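Lettered A, B, C and D in written order, each chain numbered from 1.
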Amino acid sequence: MSDFGFHLAFWSLAAMTIGGASMIMVSRNLIHAVIWLVLSMLGIAGLYLTLSAEFIAVVQVLIYVGAISVLMLFAIMLTPRAERDNSQNIKTSAPAGLVVIMVMIATMWVAIDTDWGAVREAALTEQARLIGESLIKHYILPFEIGAVLLTAALVGAIALARQDDEDAAVHAASLQAELKGDGSVDPVDVVDPPLPSDGEVGS
Amino acid sequence: MTDLAGLSSVLGAWYDFRDLNNLQRLITEWIADWGPDWLASIITGVLGALGILGVIGPTLLILIWVERKVIARFQQRYGPNRVGPKGLLQPVADAVKLILKEQLAPRAADKLIFFLPPVLIFIPGVLIWGVLPFGPRMSVADLNVGVLFLLAVSGTAVLVIFMAGWSSNNKYALFGAMRAVAMSISYEVPMVLALLTLVVFSGTMSINGIVQWQQQEDVIFILLFPLSAIAFFFAASAELNRTPADISEAESEIVAGYHTEYSGMRFGLFYAVELGNTLVVSAFIATFFLGGWWLWGLDQWVPSWIILLAKTGAVYFLLIWTRGTLPRLRVDQLMGFCWKALVPATLLFVVVAFVERTLLISEGWDTTVALPIMAVFNIALSLGAVMLFARVARPAPLRRPARIRMAGSDIGGLRAAREVAARREAPQLQVGGD
Amino acid sequence: MTAQYDATAAMEIVNASAPGAACIDEGVLYLEPDTLAESIRTLRDSEESDLVFLSNLTAVDHELHFELVYHLQSLDLNHILQVKARIFDREDPALPSLTRVYHGAHLQEREVYDLFGIRFDGHPDLRRMFLWEGFPGYPLRKDFLQMPGQVRAGLPGFPHESEENAWPVPGSVPQRPLHPNDPQPEGEVVVADESEDAS
Amino acid sequence: MTMSDDTRLAMQGTIEALTAGDGSEPVVVNLGPQHPSTHGVFRLKVTLDGEIVQDAEMRIGYLHRSMEKLAEERSYTQNIPFTDRIDYLAAMSNNLAYCLAAEELLGVEVPPRAQAIRVMFAELQRVASHAMANGTFINDCGAWHTPLFHMFRDRERVLDMFEMTCGARLTTNYMRIGGVAFDLPDELLPTLEQFLADMPENIANYEALLLENEILHARARGVGVISPEMAINSSLSGPVLRGTGVPWDLRKANPYCGYESYEFDVPVGEQGDCFDRFLVRMAEVKESLRILRQVVDTLPDGPYLADVPLHARPEPGESYARVESPRGELGFYLVSDGGPAPYRFHCRPPSLINLSALKEMSIGGTLADAIVTLGSIDIVVGEIDR
């Protein structure tokens, strides 16, 4: 591919990535922020493509755009509406911002300082195989630890969700008590009343 | 095994309609002679996109007609038969009507996000066609990670659906969007696992590679992994929001789901992409499980893309059939079906595929003997798994049969009811139950 | 065939538990409004009457009083009993609600409240049902249509029976816009809709 | 740090939701008045926690035409067309119930042929109405209209027979006080014979398509359950009551129009869920066909209309007549003051009263279950609002 096409792709994708990322900070609405995040992620996937890293690009889209962003949307939808605003308080976010800026400077310094030699052509054709082999053979321990961690997170999520269920039961009970209190017809009594011969119906 | 060298010598000329790739290659070479090479890549890309759109556009219009006509026949009606010969122009008339209609937006809608989805939904809808192999060398992009690409692109559509539902500021739309998202991330799991079975067994992630594997081994995957094929079919119809899994636009519950607030051509775009996705999913089912463009040597004589279209049509008919016959499942039932039935079943066959692949490679079994044995074994295993599931996972209310008794001379209230219920004779009608 | 349940027997059942709560007038069982719910509960729970099914609940405006009509049915014994209650207070008519006895009275009582304006004390959700809150008047009352000309609601008679019955009643206010084919009323007439053009 | 009013309001709502027990805010969704599965302009306001119905409240009156008041201004015969429009899917049954009430008031004897014709049309109407009820019920379960269109074939043939006889298909206005408006036309009986010959095969088709359908079972079994005690206490009637196992049918309990001379049976369910109601309706269609067969075989000759003056003035008094309409117990309560028009005209609408227990049936189920329950009750909004 010629320089012009490559540069065009690189600069537009870089603009997309950084523009999306900046819009995340600017937008007040969390759902808008997620959508900008998706745009940024897509830009990164495009950058991977320009590096001929098809596998990683596709995985980036699959995981970050298809899964992580959807997960974020779920989290937002499950959050009470009052807490859905983007942060408003500069006092609490300033230290965090400072830390982020420092980390970014450090990363950029390392990135510029490192001597990235040209990648061998052969490595690119069989990325999937290489990644798979290195995961299963070379990095088997971290891989397994990651798997265990994810399983633990899964179990934790289930446990949290279960707890909510009990709350709902309590909620229903309190509603029933409320209904009993104001002297109206109690739906539970009404739905399943004792036989008329045993007692009174609907009273 | 097909003689590929001989085939390509036959397929060399640009006018050979069996392989339209020749045409494109000639154009590319011609441009490369005089222009810069980036122009060639851009022009071939544009040509490919135009080719896809040229295929989808008219096909969609015909498909709407086919679907309406077939459904009408299921329902003892004629279907569209007024506009044009046999009603063929009805979809065109509908499209013109939709374009002319006013496009409304709710006042409280999130305007930008509301306007984007009908356009954005087209991107995955069109991109996904890019990796579909119409022939040995006929796909716009023959990626070596084609399977992953397919999953990644189809996964992004759900985000657009969420945008549409959320920005409408309508509760039906939000319900539809949340249902669509929940469905999509759930049914992606069995879908991925079903495809993983094929990837493990054939050892390639290229879609064309999977077809070529089936061609090489003279077997179609639905025979080897029938349960994966069925699971993929279910998962695909769930992702496509088609009955019996159309909960995200369940008409009787949430009106039209996430596109409730879209009118005019905006709705038309959603509708078109939905139909287009149905077609492309049929094509992928045909490709993965039915051998795609290959059909036991027939592809030597008939253009491969016609074979693919025929198989696609058969799968598409199956999708229409289920839609016309079955009621819709509930949200929790669909989720339960996914996680309790499809995921274990597909997972089982990933393991089976892994074991069988290992036997084939490391033990060096003869495929001509081993594959039929494996097919028989897998079919038996699938049947056993389905029967086990039917026995174990049946919901409690369905375990008792529903009975209708005749009251006879017992007419009255609770006392008569007890007498009728206590009768010893067989009920008039008894359905369901274990 | 569904038999008519003997009103005297029903009266005895009611009066056995609450003396004076029921009386019979022209063969119809009348219940005291104050103890209506208890009396009907007694009739429902009694083995002999077994009136477990509220078939119908409605009201009739007898101009001087309202009459609540209940049709109670026994399914097992297959008999029906008509029970009535009278309310003489036209300004604020009220009656105990039957919702604690029959869940099926819920909607029917709301309907009566909506169209007659009769309150049911103890009803859990007494709101207007067909008409909106704030609708002026109660349509099924006989005085709903009373207008300046003192027209009594209802069809006075067939036109062929007497001259007086020919519509419109002379001197009355038309209840609907005049049709060109209608006989034009004589004398001074207040036209309901002055903006009507000469169609 | 300032907080917007919106945020404060939203926060308050959240705190309320949190103190109420679980952290989720309930959503109120209006099903209707314009909604595909509320069968007219019926509005169900459901409060949802996720997909679970916490509360269901119905708002009605969008179709209120004040028929009971209008009827006080019209003579007894003039009121018959109103009854068509009360339950427009079972106009014949409504005509019949009103005419029975008026006849009781006037003391009219109905000739035997008229009685047989009335039974014939009431049962044809039941076949048509149940076809509609079952078809739309499957639609509410999410089918793509296929069973509905199949069942509409039968309904169409019934409506053709109505048209043949009285000129109207939906609002028939066919019954008269003292009989029916017209005698049967010559072509009706052959058409009816053909219909009776074709129906068993059609019903067998529906049963093959629907009865063992696992998805339908999953959607309708154990959904919208109501106990027989509660059903009786809520004044439910018709297939909804019989679905709970209570064998109550006015055609048997209080025979009118000579129903006692025909052999038929009353199907009852067991569980009281939506599927039982559906099965009861399917079985009732078969019983209706049985009655129709007998009516055709024993159709007497003679006058089809008693000699009743159009301008009838009944004695002061009251009457309450009930029939078993396709939806349940349909009653008309008439009070006469000796005038030419009813002093009070009241209709006991089965559709409205069958909704008494809708809230109890829906709470705890999902939104989809509430829709299926509503569909299984088989409401007609014209009758609810009147």
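In the analysis below, contacts are C-beta pairs under 8 Å (C-beta built on N, C-alpha and C of every residue); 3 or more make two chains touch, one makes a residue touch a chain.
Quick caveat, the model's predicted, so the values are computed rather than measured.
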Fill in the blank from the handout: One chain's C-alpha mean falls closest to the whole-protein C-alpha mean, and that chain is D
Practice task
Select, from A-B and C-D, the pair of chains that is joined by more C-beta pairs in contact.
Solution key: C-D
Practice task
Look at all chain centres (mean of CA atoms) and spot the one farthest from the centre of chain B.
Solution key: C
Practice task
Could you put a whole-Å number on the gap between the CA centroids of chain A and chain D?
Solution key: 51
Completion exercise
The distance between the C-alpha centres of chain A and chain B, rounded to whole Å, is 27
Handout entry: Between chain C and chain D, centroid-to-centroid distance (C-alpha), Å
Key = 24
Handout entry: Whole-Å gap between the CA centroids of chain A and chain C
Key = 63
Completion exercise
Residues in chain B with touches to at least two other chains are numbered 411-414, 416
Handout entry: Of all residues in chain D, the ones touching two or more other chains
Key = 229-230, 232-233, 246, 248, 253
Completion exercise
Among all residues of chain A, those touching at least two other chains are 190, 195-196, 201-202
Completion exercise
Within their complex, chain D touches chain B through residues 27, 29, 35-37, 51, 138-146, 149-150, 153, 209, 211-219, 221-222, 228-229, 232, 244-249, 252-253, 265-271, 273, 275-276, 279-280, 283, 366-369, 371, 375
Exercise for the section: Write out the stretch or stretches of chain A touching chain B in their complex. Expected result: 1-2, 4-5, 29, 31-32, 35, 38, 54-55, 58-59, 61-62, 65-67, 69-70, 73-74, 77, 125, 127-128, 195-196
Practice task
Could you please specify the touching residues of chain B with respect to chain C in the complex?
Solution key: 411-416
Handout entry: Complex interface listing, chain D residues touching chain C
Key = 60-61, 64, 66, 68-69, 72-75, 230, 232-236, 246, 248, 253-255, 311, 320, 322, 329, 331, 333, 335, 339-341, 343-344, 346, 348, 352-353, 355-357, 385-386
Completion exercise
chain B partner, complex, touching residues on chain C are 50, 52-53, 74-78
